[in-house]
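Here the chain labels run A, B and C in written order, and each chain numbers its own residues starting at 1.
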């Protein structure tokens, strides 16, 4: 590992952490346009974060240390995931250090802390949110793993950078299995990031909220970190999706700085497209009742498994 | 994958979609949509047959494709839509087993079917041999669809989906059956549908509904 | 020429009766067409006996001793049933249970049904055989629902769906056979589905594929045979349709389906060189015998009772074909003959009996012997015959089957004997009070057709005492050809 590799890695992390709220802003902007509203600025998420960081933190009296630590852990985990997902270049110190399964483990860690913190205060809504969050996670995780397995089987490795390299270096080929898993992954993405149709990120109705309910007790910098972590999570999922299904344009070690510059442009374009399609999908679909969420995720799991079976049978 | 020619890649994609449609039919409860899915499945069968005919140059496959188009994409779905309108059946009732469990059973069936197809595919000399497993899976899934439904109409759609699977299997294993047989089978299916049409009206006349829950009187412990 | 007549007479009959099937002469027309078919069948039979196998129409049709005997049987029972249905359907029409349109449907479909069975029997093409079997189902579905009662609709639906699904499995099996044969015989034309060609190369067919194919074929055609556990449609369809249809379903369709199974078994056994098909047939057969024997106890409807008895006898036949070998095959063929003759005779008497009583329930039919001695005795003798009492033919065939079983598969003999005993007690106990006992029945407006009943029973009696040498030769040749073990 050369020094430049570490520099690139640092660049990737910083870029990711900075871009994540913008991506969220972009999704919100698209949504507003599609709904014929006047759109908030692209930088709106930054403004809210800024506001929150300058407020005084208020903690519940019975809050345990875990409650204080959780935002840092969650945020830290998300930053680590940013480092691991090869969004810009494949051979970086962190990306080769952990594989796809470790990645799922990291995401699970963040979820565990989030849920524990939500239950920590003992308020009803927090507990409700935590329970729902865990239910969604419990159903989404197998589907996510299946998706990763299919990609791993096609490229014979569980290491994300290698998967990206294999898939991007191939000439154009039709993979029905990848198409199935891509749909499954999109469904997991929606569920995991509390988007419509599973959860409404803009809701203020306590009874139906999932993700928001876990954050009710947080304020100021803690809330800011949690919000930022949530936007990072979305960013990470989109990046994982890009790595698995649209890795074209990602830089490999041999390509040097120009490759990296190209990769940044490619990534920006892909994020724009992904963000706007997410907004489009959210606009045209309605929120499901929470009881239907298992069906939704079971479908995702089914698609992923079908993808795997189709791959096994057709070799495609 | 790279070694496989492009038209076969398309065939593989079609096969995968064929399977996916079977699953959607398994989950679907609106009968109109169910019939549409059936028509789409027929369409995929048609495209696959044409592609295969073009690839292998076997003329009888074109005929078979035309038969599929006429009967399975246009004819029977149209007939079923007419029946749905006339009989006013739009929704199936809650399925007998809950959807998620059905899906899981479906997955197990697919695994079983693929296992079953393995030794046969190994022997086949056709370029499409791998899709045989998908055909068997579709046949068995259609069977599952029939088992889990209460409405006569959905059972019939399952039955037709099974026929689609059979044709797909014949196509992938042997580039189709001899023409005489295919014609005969198509004729039988057509007649079966006409008989059913008559039959539905008789059922409705008698029960005022197409719900098969009325059909539980003939049991051993009468 | 005779074959052409054989296959065209019922088809023309179906067309003509489809138009004029409700006229007064329609039942007689039905008889005439059946008679023509039977005559043609006799001519074909004579030809086969004299000159050996026939292979015509670009090898699409093939007649050998095995199917010619079934053709003769089918057309004969077809003829007698049409004789029986003449007064029976007139009575039904006068009771107002049938409109002219339905009568037309009935007559036309009856001929079509006979036709599709004859095609299934005589065709050399496995695919065409499938098509004909499916056609046989379709032509009878609307006959089962002829009365449009809720129960008959349910029965028709079950019949349609179960047999439809079953036969789809058989199509898949046929496809697999084609798949295996195509490598040896080429995919040009239809040679790879022609039975005669397949028979020649059966030893080289891929055993893996053929064993899988046999599973599907047995499940498919086995559904039509009514083998347990695929028998659910059978009692309903038999009980709810008009009685002539019950008679031909039970006496003929089951035989034809069994014929299809045996044809497939010959091929598969040749390829596998193992006892898998035999064992499968035997286990299906045995389970059918046992399950049906015990279910007989629970029947309250007379037609259902005899439908279950059909399942039981089909089980015995399947078991015998499963054992294989010249004696068991001979016995199975004999049993097919006597069963279909006896069972249709029983259905004829049961039909008139229930018309008299106005009900099919066993408890409503009483004292047949006082009111109509011929029907009463017909039913009694038929029941005794079907239960395997000597000197009827069923005794002879069952005796042969049991002794073969004792020799080759001793473990199965007690099970078979027990099941036969149970069946005897169940059926006899139910039929006895129907024949003797107090009467409540009324007179029929038309004299019942009893000629078919006693003709059948007479034949069965004859076969029990004396099998004419040409018939025995015929059976022996067919048995040798079916082979096995």
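What to note about this one:
Note that in this section a contact is a pair of C-beta atoms (placed from the backbone, for glycine too) under 8 Å apart; a residue touches a chain by one contact, two chains touch by 3 or more.
Just so it is clear, the structure is predicted and the values come from calculations on it, not from any experiment.
Each chain gets a centre from the mean of its Cα atoms; the one farthest from the centre of chain A is C. Centrality annotation: B (chain centre taken as mean Cα position, compared with the mean over all protein Cα atoms). The geometric centre of chain A is 38 Å away from that of chain B, both derived from CA atoms. In this assembly, the C-alpha centroid of chain B lies 31 Å from the C-alpha centroid of chain C. If you average the Cα atoms of chain A and of chain C, the two centres end up 66 Å apart.
By the touch criterion stated above, chain B contacts chain C in their complex at residues 116, 119-120, 123-125, 136, 139, 143, 146, 152, 155, 159, 162-163, 166, 169-170, 173-175, 177-178, 180-181, 184-185, 187-188, 191-192, 195-196, 198-199, 202-203, 205-207, 212, 214-215, 217-218, 220-222. Contact residues on chain B toward chain A in their complex (touch as defined above): 1-2, 4, 6, 9-10, 12-13, 15-17, 19-20, 23, 27, 99-100, 103-104, 106-107, 110-111, 114, 117, 130-131, 133-134.
Residues 125, 127-128, 130-131, 134-135, 138, 141-142, 145, 148-151, 153-158, 160-161, 164-165, 168, 171-172, 174-176, 178-180, 182-183, 187, 189-190, 192-193, 206, 208-209, 212, 236, 240, 295, 298, 300-301 of chain C are the ones touching chain B in the complex.
Looking at the complex, you find that chain A touches chain B at residues 170-171, 173-177, 179-180, 294-295, 298-299, 302-303, 305-306, 309-310, 312-316.
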